[in-house]
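I've put the structures underneath this note.
You will see two complexes here that share chain A, one where it goes with chain B and one where it goes with chain C.
For the complex of A and B:
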């Protein structure tokens, strides 16, 4: 069963998301979120309360960033009902970035910044973000390859999305066209690999039949 | 040789919910429960990952046996019928994977190679050895599905998807035990070195189960 602090945590985080575009991924955003609640507070949340609910210093900011990333994944599900293709769903995820684009470089830097002496850079959050987007996109498009293809497909989508997101930070107007181009190239490569595999299979079967007809086995 | 028969008609089987040609938007077959604890989610994840790998391996074992014994008038049709049932099991497992968003094991290709190799080698040893291989594998799989049903007993009972999952696993377990009975009736225990063969195959299956849970 949910505890009261947990309920507060989720409610404040949810109402902080729309404030990020104006106040950034900051403790101030979390502090002001209580004034947006259905029963709003008259004063922003104190630093002590933010620390108690969300953590010390930059930990609270990381919690906010992770909450925002999770919101992006939930928003992708709406893409399934209004289009449903991989292209459509990934574009929807890019659009989730648009209101907070100017704050994103700092947010990503904060996620990979070292929290201890070593490692100097922790890229796991970045990989986790790309992998989550790819997994969600594949699930929503019912992309169900079997075996190692499951991993390959997700790795390809994660790479494409990461490239498109980085492109979006520097050139937001051309990000969707860039994404389209990458998806098209990936699809061409997939077709070539599939056709080559099919051809190799036919050649293999032909050789098998030839060998059988010689009575070797 | 005796042929096995299914105890339930196709329509009455719980797995038929996943095999309908028209889309079924019922939550039991499309949604995964949200209220599972982290430990329960890991248990579900590992269980379905192993089950899919197991069904793929079973398919390839029968493929290997058919490659050698396919032309045998007695063994061929029997192995083909069991293989057909495993194909249905695999189709159901794939649907379960999509529904519950399960990561497949990285060892799937190894499972295919090992399964085909095991099936072909035991079939080359003779019909009885092929049946002994089936007996050993289905014994381990039957116990494994029983363990899973015990693990799932602690899951929320009100969720329709979990209830359906339990029914499906029970059905698959019963099918595998039917294969075991079929193998015994068809002289599995007359295979040369039956005790050693069963021990080696059984141990290999247990190791594979533990690896697929984790990798």
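For the complex of A and C:
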């Protein structure tokens, strides 16, 4: 009796991603996605159906944006096979943005826009996005330090990626060079910090020995 | 006649039925009754309450049911993509149908959307027809009334792939075979059509749940006896809410009927949305 195979809402979301470059992060994109399915519909989905599957008003657009961000994370895994360095993987993630660059500012603004009266701005989605990219990049490069270094490393990569992504929105041609520069600087800062802490440890131990030799304690 | 029906005490039927040797039983509130009897018993409950149904809903929910129905129809936003062919099941008193037509007219200047109101109970439909006589939709092609069983809609009257929107509000829990209702909904909807159900559901907060249980089992049947002179029917209505599947289970039933739903969770973009902490819930699905 049921001649229609069950189609998951995620399949519609997947088929909507290629349409974003043309139609933006809009409900229209979701409605047209059903015409790209393996058994395509002849008509786009109605507003009621979009609401039923993805949420009312801008909630559907947020669902689409989050689906696209998740697609970006999955695409980063392909970067592992073509280079595998932090540089390659983050560059691959930046390239995921390229087809939809003109729609990104509005998408990010929608994510942080308040959905309640307070707070006036919700930066959690922005932090979550940067943290997810950093975590995925560290995992794919097998960069898994221990202790507090785990958090420090991810915070550094998240900051670098956020800066590079913001740069990409204003100047897409120089974004990869900007990313290289930031990664290089963070490497040299890391070396300086490591050497400084080694030196500070050496100085601290020396002072400790001096004080002990004086018999003060 | 309606007054005589209110004094009939339909729930006394079940006292003889509990000694039935049939193993094919279903729930009728907290009692188990033979499946083939449930439909008639539900029918007589609603015949009994029909004339005071709206007053009782206002009293029981302190008017909140109006907010829920308004939220339900606003979310569906009929008329946004052009005139829609809608079917409202268990819609006897015409509450949802009227809201659908008003919403399409006021928000989208749409006077072509139609609603077929279907109910098992002719008395409930009569109340709906009375209500519609006071509106501009009376005697127009925008609304029609049909007596039919949601579990088996006659194909001649309700062909397949015919409707854009199928709604059922506070009715599906009274059906004997919920999967059959969902299959019929899937049949009559067009590809791309939406199924939407507003129903009492499970409260997820334990404190609210305790307060809600106290209110439901003490106050509501008492109100039924005072306002509608029919405590037993309202006792059944309260018990039937507790027997309805939970939100995740019901959304799985909707998917099993062939619908595509949102993510299997509550909230925005989810397969259902709780109202008032789960006292009621809106479930949606799309036929793809």
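Basically, the second predicted complex is superposed on the first by the 192 of 217 C-alpha atoms of A that agree within 3 Å, B and C clash if a C-alpha of one lies under 4 Å from a C-alpha of the other, contacts with A are read in each partner's own complex, and residues count from 1 in each chain.
Methods note: a residue touches a chain if its C-beta (ideal position, glycine included) is under 8 Å from a C-beta of that chain, and two chains touch if they have at least 3 such contacts.
The structure presented is a predicted model; accordingly, all values stated were derived computationally and were not measured.
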item: Overlay on chain A: chain C relative to chain B, clash or fit; value: fit
item: First, second, both or neither for A:161, with chain B first and chain C second; value: neither
item: Touched partner set for A:151, first chain B, second chain C, both or neither; value: first
item: Partner chain in contact with A:55 - chain B first, chain C second, else both or neither; value: second
item: C-alpha centroid angle, chain C to chain B via chain A, nearest 10°; value: 90
item: Chain B versus chain C as contact partner of A:63, first or second or both or neither; value: second
item: Of chain C and chain B, partner touching more chain A residues; value: C
item: Which of chain B and chain C A:46 touches, first, second, both or neither; value: second
item: Which of chain B and chain C A:142 touches, first, second, both or neither; value: first
item: First, second, both or neither for A:25, with chain B first and chain C second; value: neither
item: Lowest C-alpha to C-alpha distance for chain C against chain B (Å); value: 12
item: Chain C-contacting residues of chain A that also contact chain B; value: none
item: Touching residues on chain B, where the partner in the complex is chain A; value: 56, 94, 97-98, 101, 103-104, 106, 108-109
item: Chain A residues within the chain C interface of the complex; value: 1-2, 4, 6-9, 12, 34, 37, 41, 43, 45-49, 51-56, 59-60, 62-63
item: Touching residues on chain A, where the partner in the complex is chain B; value: 135, 139, 142, 144, 146-148, 150-151
item: Residues of chain C touching chain A in the complex; value: 75-78, 80-81, 84, 164-165, 183, 186-187, 191-196, 255, 257-258, 260-263, 268-269, 284-288
